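The same chain A turns up in both complexes below, where it pairs with chain B and then with chain C.
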Partner chain A sequence: MSLRRDTVDTPRVEGGRASPLYGLIGGVWSATGKSPAWPLLVILCVFFAFQSPIFLSLFNINIILSQAALTGVLAIGLTPLVISGNVDFSVGAIAALGTCVAVVINNQLGFFPAIALTLMVCALFGLLNGLIVERLGLSSIIVTIASGTALKGLTFIIFGSGTIMATGSLFLDIGYYKVAGISVSVILFLLLAIVLALMLRLTVHGAHTFAIGGNRQAALDAGVNVEMHVLANFAISGLMAGVCGIILVTGLGAGAPSLAPSYELWAIIAVVLGGTRLAGGGGTIAGTVAAALSLTVLRNGMNLMQIDARWFLIVLGSSLIVALILDRMRSGEPETAE
Partner chain B sequence: MKYLVKLALATMLAGLMATAPGMAQDWLEGTPEKPIDELKIGFSFRGGAGGNQYVIQYLEKARAMAEELGIELVVVDAEDDPARQTQQMPELIAQQPDAIVVWALNAAGIVPAIRQAHGAGIPVVTVVADVDESGKEFVTAHAGPNDTLQGTQAAEALVEAMGGKGNVVALRGPTGFAPADQRHQAFLDVAAKHPDIKLLDAQDANWSVGKGQSLMENFITRFGRDIDGVISSDGYTGTGAYLASEAAAKAGQIDEGHIKFADPNTVATAYDLIKDGKYSAGVLQLPQDDAEFSFKIAVRVAAGIEVPRYNYLPTPVVTPENAAEHPRPGL
Partner chain C sequence: MTRRLTELFWRHPIIVLLLVLLCSAAIITPAILSVGNILLMLRQYSALGIMAIGVTFVVLCGRLDVSIGSLTSLVVVVAIALHDAFGPAISIIAAFAAAAVVGLINGVLIAYLRLSSLVTTLGMFAAVQGVAHVLAVDSKKLVENPDQSWFAFIGRGFVFGIPVPVLLFAAIAVGSALIMTRTNFGRAIRAVGGNEKAAIYSSINAKAIVFWSFMISALCTCVGGLIMASRVMQAQSDTGVGLEILALSAVFLGGTSLGGGVGGMGRTVIGVIVLAAVSNTLVLTGAPAEAQWLVSGSIIILAVWLDSVSRRRRLLA
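Take a look at the complex of A and B:
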């Protein structure tokens, strides 16, 4: 998969694209903010509401939102990066690193230095990924899979293979705290989603992100500092991974290199399912949020129905394939400002 | 008159036994607060979708037992994610079970979850994996294998097979994982009591045949004929170690049949080797026995019957002499 576009993005005409069915799907799609995730979310919620009386309780809704917040934070952090034409498979490893840094610094220096340092370290790691990709001109898929793997090993070496408990109760207190029955982590997730969405819509950085993803060469020719914007998106991705790590610590009261297993997979599936184009140039934070929620609703609902967890893996894999097919179908549509 | 009294008593007894099937389970060792088949048990399961045979067979047995007893078993699967396991606890609490069984992925990370369950008035039974000190006050009972005991059993069997002296290499489980640490420490404690037993080296083998084999090959390259015994973390690793030694013996690097092998958790392949006399000893820890043993503790707790705080699964030592008396493990 080439993520660096050197050619102009022209609408593709393939056999069968002209069929009215595709036109209908495309129409519905556009109507829902260019993302299949919102109707999916609604359908899933309705379905599970009928399957279990507990599903729509405030209690269960908070569980769903809290679970979605973890990979959701990673997914919204990835969205600007994917829009600008790259990807980051190391976010799970960065989040795990984040949990260890947060706990260790908390135990040595206190809560606030822990937060600050965790976010810094994780953002820096994201930046490092970006530098390797941009300066060396390498594919971000390979670079970040490699860096994620290496980071995982490094985290184990630095922090050991056990779990580190956080001293003091501040992390867990935050984890327990609820506003109107909704956990702090959920509120944080939604706030960050709004901030990132506004960044994409209203800032120069956002506009350039779309431009770079849509046609990197044209952006370069237009005088955009492509490297700076891409690096910024990598840093954001790392930063969000740090936030994910902190949220993990508020839930567990501990950190460990083995946490956040395969979270990057979930996050990327959410990004693609949410309608963000893998090739770059299009996507919404809202779609990512809806997709993250849909995946969590699916898992939560299947759990309530006592369906074996292995079926969920099948559903997950299938939904990714469906998302990729839809992504392909859309890749011929003209660009619009979002 | 006496005859009539005896008849009456016998009839009453028969009547009692016929009408209280739930109370005829003598393993209950007490009177349940309500009929067994009205119990609901929540199971916070660590997850086995990744293909961990032991874990999957354990869950199957637990489900089978629940069905047999007519108990409603609600399972939440954490899919090997400690954060998810902690987050799923409110889901289980919402079901209002009579007890919650927890197979914790992370001894420290699970503490907030069991504290919640305890706070909601639901008794918690931890199985297989114990929890951190800080969480023990919230747990009613623990049930499962005793890795220290099993490690000791295997170590003592190995030392005996070696005649009380010689050099040992250790293929241990992942450092930091409680069962692996406990088994290895048990070996170290046993070795300390035998001054003629020397540990050459220990490496992490991650419970796998392949890893056991390649690590053993390295050991043979380094130590050659100096190796007299191998203590493994489990039967898979031990099997791998045996295969490596067999190949090395054929290549003339070491003497065939000289090295003694033992492990604290035998599996089908290791069991076969034991039966053939090629492997000195294993310890039988079957997931089905583990599940049945622990599930019964959980049912007793759910039924309001008092149980000991710690309940350890009996695990016999399997040797070439007694192998035929024990079932072949299904994994």
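Take a look at the complex of A and C:
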């Protein structure tokens, strides 16, 4: 059981003298959650910085970050859930629902009720997923694939297949607003990442999440309220999908049921690439953030190098598989489908 | 009497659910029961059905395959691109070769390197879709004279009034059911899905079994893709988007469980028929196209739940 896989190690140095440099590197390395995605991110950034002079401009960095924020928010929301041994394939559909709810409520009741209601509806839907999985004892993969399909249909039926424009420009104003050249959505994404990382590291809920993912039966035997913690993680994943929907609306000034297509797959790819195991029990938010950033940097860099965007999918798919093979060589323990 | 009925219900919940659904569909729209409509409905869903049969092998092994939608796109692009230049035979062989390569990669990575099947096939989902997009850029996207080629027969032909895709679906379903019930390979698949370690200790070559299940899944997907290509005679590199979810839905709806070992081909066929009947009924009643997502998503959860309850009851009994 990897209850505290990511606690700070002191670097081992020959002769017992720890140089401050080693200490610094060790400290940074453990702050990143020791995810292989961080070295990958650094390598990608250095590579593309040499390939294109525009890459490191503040303008481009902000583009990368705000693109990463979209699937990144979904991915960090999924991370605690995956650590506790479940998956949620419906987050894309929840985000699409979120865009519609946000715009419609905004047009009827105003901006702040829209935000509150969107987050509430999305978190409730996540909770509903959790209730179905936990109470009926079903596989989260099957349930969320099905409930995602159902929710997508429901969203289309309720809101129609067209785009709904938001009245008033508050959403778009927020989308355009920048703090020191960085969009609000990026700051929100990083803040949420920090909050979730602290939740996993410092709270009882976080410790129990790791325990449940590591060995569910043992956690049950130890008197952990497994159902409550898993439900909370499902709700968090739904909540973050709602945030993703709101960020989408700030970018577009509109909502539509067809938004966020297959975002759930990108988010799950980011979670896995960040070093979180689908079998549960281990993983970090920092790793997920790095993986989400790496994916966006890759896409952005390939664009700047004027490589056909179609190649991105090939590079992405093969890098995911290579990451998986490397992980297997490192750990050696087999993993099954669920 | 009532107790008998409840017992019957809990023994075959999925079949009862199917009957209830079909009866209510027939009451809502009696037109659904005409022979012409049934054949049309089956013809539309047979490509998906063949893919679902292929995936059933993988799910019975306790694995998942989400790369089949992208593979369908690849098969369609390859088959159409080569059709006019080299003829239908070569294009079919090339499509099978492409599918075999994808199945081979999936199989080696998952069976022999023991990678997680969900993540590996997610990677292949992205990569294969990318290959299909890249290939589609400069290749032919249209067959010049679709009616001149015997390739059209696969998707558009009829034998004794029955559409060829339906015959293919039936043949593959029966063949797979025989493989599952009559051969050592079929029993080995169930054993590996049920308890892999026990299977290995009973000197079953679990790696080879898993490997071949992914090969079968890819080859079945190829047949389904060829049917779709032959029907539209056009190559769109996003033809297969979302098909993996539909095929898995049919498998789960039939009651083949992710735990592996439980389920079978007949159940998947039932799942496909339910999906087809639901969408057909909704189309005939004039409901919006997206309503079928809502209905089929809810039915899947209901079916999986009923199935797990009935299994628990049988364990207790």
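Quick note on the criterion: the second predicted complex is superposed on the first by the 290 of 338 C-alpha atoms of A that agree within 3 Å, B and C clash if a C-alpha of one lies under 4 Å from a C-alpha of the other, contacts with A are read in each partner's own complex, and residues count from 1 in each chain.
We adopt the following convention: contacts are C-beta pairs under 8 Å (C-beta built on N, C-alpha and C of every residue); 3 or more make two chains touch, one makes a residue touch a chain.
All values derive from a computational prediction rather than experimental measurement.
When the shared chain is aligned, chain C comes close enough to touch A:I321, but chain B does not.
Look at A:I157: by the touch rule set out above, it reaches chain C but stays clear of chain B.
By the touch criterion defined above, A:M228 reaches neither chain B nor chain C.
When the two structures are aligned on the shared chain, A:L202 is found in touch with neither chain B nor chain C. By the document's definition of touching, both partners, chain B and chain C, reach A:R310. Counted by residues of chain A touched, the larger count belongs to C, out of chain B and chain C.
Contacts of A:L252 after superposition: chain B is touched, whereas chain C is not reached. Once the two complexes are laid over each other on the shared chain, residue contacts for A:I268 go to chain C alone; chain B is not touched. In the superposition on chain A, A:T149 contacts chain C only, with no contact to chain B. In the superposition on chain A, A:I141 makes contact with chain C only, not with chain B. Taken together, the two complexes place residues 161, 308, 310, 312-313 of chain A in contact with chain B and also with chain C. Of all residues in chain B, only 47, 49, 74-77, 79-84, 86-88, 90-91, 94-95, 106-109, 111-112, 132, 134, 174-177 touch chain A in the complex they form.
Of all the residues in chain C, the ones that touch chain A in their complex are 62-64, 109, 113-120, 122-131, 133-134, 137, 196, 241, 245, 248-249, 252, 257-260, 288, 290-298, 300-301, 304-305, 308. The residues of chain A lying in touch with chain C in their complex are 87, 132, 136-139, 141-143, 145-154, 156-157, 161, 257, 262, 265, 268-269, 272, 278-279, 308, 310-318, 320-321, 324-325, 328, 334-338. On the side of chain A, the complex with chain B involves touching residues 54, 57, 59-60, 62-63, 66-67, 70, 160-163, 165, 172, 175-176, 248, 251-254, 256, 258-261, 300, 303-304, 306, 308-310, 312-313.
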